[in-house]
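You will see subunit A twice below: alongside subunit B first, and alongside subunit C after that.
Here is the complex of A and B:
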């Protein structure tokens, strides 16, 4: 039972890292970026390629995956996304889903459509027992890394100058510009970091979620669920939502395997019926 | 509804056209349309088929039954609608006499009506659902069927000390077939399946399912998941320490696909699977096949799809030899019935009643042979027919 809870926690944490970038772009910048999963996939492929083909240590590939996708995100923001901030949501959706299809086809062409198998280093494999609970080493690693990330993000957003500038730019772009905040730079940096986090999530998740070219489409729904259940006002919302979904998913699959993947949708519906703006919504 | 009427219209037009075409002259080549998934979810099947085609033409030449044989390879992107459209174009524009390929059940079924109405022999290279054969009287198959393999495993397991099973299958058509036929045969042989778990196709995190399976304390797991997911399954199985808990994994051949087996690494060692073909099957036919395949494809390793594609091509050539190059639907299928072939996987034949394949099914165990991982065969069930068709 506790083992299951722990598995669920790890799964939820992973979902959090994958979707917190989306919470930032969607919630703070008010931009619908369905191509978020494409960045996650890019991060995953960076890690798999580097560990399996070039023998780079797995831990070292994680920051690289973050950097590569952050840079890619930054470039795309400057080249394409920044033109769409003022467009309607429909335009944003059409644009970003188009990017997803390009990414899927591109990866299919370059890497082939088969599942990529990540070779983890030995110290992350296996399993240990604490007080009768069996815990997978890699899942424990996930919980620690993702937990630290969540804390760091919340601190940055709530307690740094960058965080307050970002929130100011989001609340009223014109006034923020008026008081001398360089809104465009703030948005570009935020977008890059959001993409980088997605890339890191993809890299961490390659082991558990699998990795193939349809990754962005397969997990788009999960990201959107996390963001809609969690609300987009802070980092706490998506975090709680991810853990809730992760645990519900794992427990559901264990106790009612015939319902399998449906459990999270039931949770989604239940939450949205009770709180249409998500668990932690800002008064709109 | 509209789709259907358009389709019927197209097919009627088609049959009119084929009727209007004058009888083929002797010097005309026999055209074979190869409809395979070179992109999309079943890409690995398409890759293996294409490689097998290359190796086959390189070794057998381009003549059969005194006629030139011409192959037209098209990509269906693993999508049934595409497969139908491409096949229609092949039949109407390119005037192919035989259609082959078909990397999964939906693409095979989508073309069945065309094959039936236009009387075009459709030779299935991969699609493994039993029911396909009934969809067109011009259907022939050289791959395998899910019940054929699952029932062999269900027979072998109780005789070898594993009676209490939990089955773990992917939640899609072939997965259901595998679960059903495994349970059926193992119960007939004194075993039980205490729990049947279905894993969503799109979610390869097996953690909760594995935990559940382990808590039921079976003697072994019966597993059927698609190729790529198989690798993830075995990894998580070992990560949970289940390999040391005495629970065995007995799986369908897809889980330890020869194409991916080497990259699966150590977690795969010791896994027992049932399947129609292993790359290190010990026979002169297989040696020649593997050698030709590797030589023509930069050392790529053939898997059971490649073997099935090779046999489909062999069947087409041998049948054309028998009909002296005559390739119209009725003559061709009649000649193909009962055909016996010394295949790389062992002796196979085409069942005259069902037009389906009859073949040996092997129980294999993953071992390291000369630095590479192989499915080593240790037990043979000879001349297995598709149990679902009987």
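Here is the complex of A and C:
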């Protein structure tokens, strides 16, 4: 039971890293980006390619995956996304679905449609037991890494100059521009970092979530759930939401496998009906 | 004796009525469109299967147009009603009767039955919430169909559907001759109904809600009731589209409830343009032609180019097809009675989202 809880926790932390970028673009910048999973997939493929084909150490591939997807995200933002901030939500949905199609078909073409298997280094395999709880080493690793990331993000958002500039730009773009904040640059950087985090999450999750070209479609709903349930007032909301989602999903699939697929959707619909702005939002 | 005020009111009512009547009139482009669609039955006997598919897609897109184009609800879950309609008519044909028209009715009811409770979930929240709720409902139904394999055949699909001949005489053949004629007639009837509904005061109140829900409720439009009504109607439309799919294919797979289906429907509608009913029809035609052309070039990866097209389309502005059609329409039809009422004309300019 506790082992399952821990697995759920690890899974939830992973979901948080995957979706916190989306929490910023969608939640704060109000841009419906269904293509977020595509960046995660890109990160996953970078890691798998480098460890399996070129023998780069796994830990080293993580920052590379972050960098590669961050750069890709930044370029895309400059080229395409920035034109869509002011368009309607429908336009944004269509645009990002188009991007997902491109990513899915493109990866299928380049890498083949089979599931990719990541060769983890030996020191991250196996399990150990603490107080009667069996814990997978890799899961523990995930919890630590993702937890650190979550804390770092919250600190950056709340206590740095960049964080306050970002919050200002989001709250009122025109006024922020008026007081001399370079809103476009802030948005571009934020978007790049968000994509990078997705890539990092994809790299970390390649082992647990599985990696094949349909990844962006399969997990799109999960990301959106985290953001819409978690609300957007701080990083805590998405964090709690993703841990809840992870635990609920793991426990649900284990105890009531026939219901496993429903639980997250039912929770989602229930939360959205009762609290349309998310569990932890400021009053709208 | 009428007071001045009453006179003025009745004059306004008269003006509004005539404007609405004019908006409800058939344009030449529309008539031409239907003539071509009918002519296709005679001239393209080899293409009836794909034409049937186009018609079914068009009905699905039409159902989305009712909620998106007229009421401004962004939905990514139309497959819920489409799929339920498909399964309902399929199960009916296996267990009760293979009569196609009954199947359509049952599917319409089933679609409406799903849409009605869902619509209450859509009354709260903004675009994102609606998007997620529609998506979630469709995903739940997809999972139910997947799990209840004793009923739906699960991932293997529902087999053994046998549809009786239409009116007892027209057999559904493998070339789709009956199928195309049948679907086209259904589409025509549904479009007539949609035309009637959207040109009615009800339809105008929907547009008001779409453009500004707050103001609409301020002038006394019952916003919630209207949204529930239109979503339910659109559910019935989607259910009928699903039933047509079942009856012409005589096979159902889980795909009818998939996200892909909803996204395709939305895409079809947007390619054709929202908010004038023909968007779905034009879009379905364009979509199938594009898909056909692309998949003959790159059978496996045509989605790549579809995605690229979609992006280009959004970036360049998706009003273009609509503008093109408007300008063609304007050129074809002679200007009638210039002047008087044009100032009052309620132009459908606002972007329908």
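What we mean here is this: the second predicted complex is superposed on the first by the 283 of 284 C-alpha atoms of A that agree within 3 Å, B and C clash if a C-alpha of one lies under 4 Å from a C-alpha of the other, contacts with A are read in each partner's own complex, and residues count from 1 in each chain.
Everything that follows uses one rule, which is that a contact is a pair of C-beta atoms (placed from the backbone, for glycine too) under 8 Å apart; a residue touches a chain by one contact, two chains touch by 3 or more.
Here the structure is a predicted model, which means the values were calculated and not measured.
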item	value
Touching partner for A:125 - first (subunit B), second (subunit C), both, neither	first
Which superposed partner A:204 touches (first subunit B, second subunit C, both, neither)	neither
First, second, both or neither for A:226, with subunit B first and subunit C second	neither
Touching partner for A:243 - first (subunit B), second (subunit C), both, neither	neither
First (subunit B), second (subunit C), both or neither touched by A:42	neither
Subunit B versus subunit C as contact partner of A:18, first or second or both or neither	neither
Subunit B versus subunit C as contact partner of A:97, first or second or both or neither	second
Partner chain(s) touched by A:32 [first = subunit B, second = subunit C, both, neither]	second
Which superposed partner A:258 touches (first subunit B, second subunit C, both, neither)	both
Shared contact residues on subunit A - subunit B and subunit C	108-109, 258, 261
Subunit B-touching residues of subunit A, taken from the complex the two chains share	3-4, 7, 11, 52, 108-109, 112-115, 117, 119, 125-127, 134, 136, 138, 207-210, 212, 214, 218, 249-254, 257-258, 260-261
In the complex with subunit C, residue positions of subunit A that touch it	26, 32, 80, 83-84, 87-91, 93-95, 97-106, 108-109, 217, 221, 224-225, 228, 258, 261-262, 265-266, 268-269, 272-273, 276-277
Interfacial residue positions of subunit C with respect to subunit A in the complex	68, 74, 76, 121, 124-129, 131-133, 135-137, 139-140, 143-144, 146-147, 259-260, 263, 266-267, 270, 300-304, 306-311, 313-315, 318, 351, 353
Residues of subunit B defined as touching subunit A within the complex	39-41, 43-44, 47, 171, 197-200, 202-205, 207-209, 211-212, 227-229, 231-232, 235, 239-241, 260, 263-265
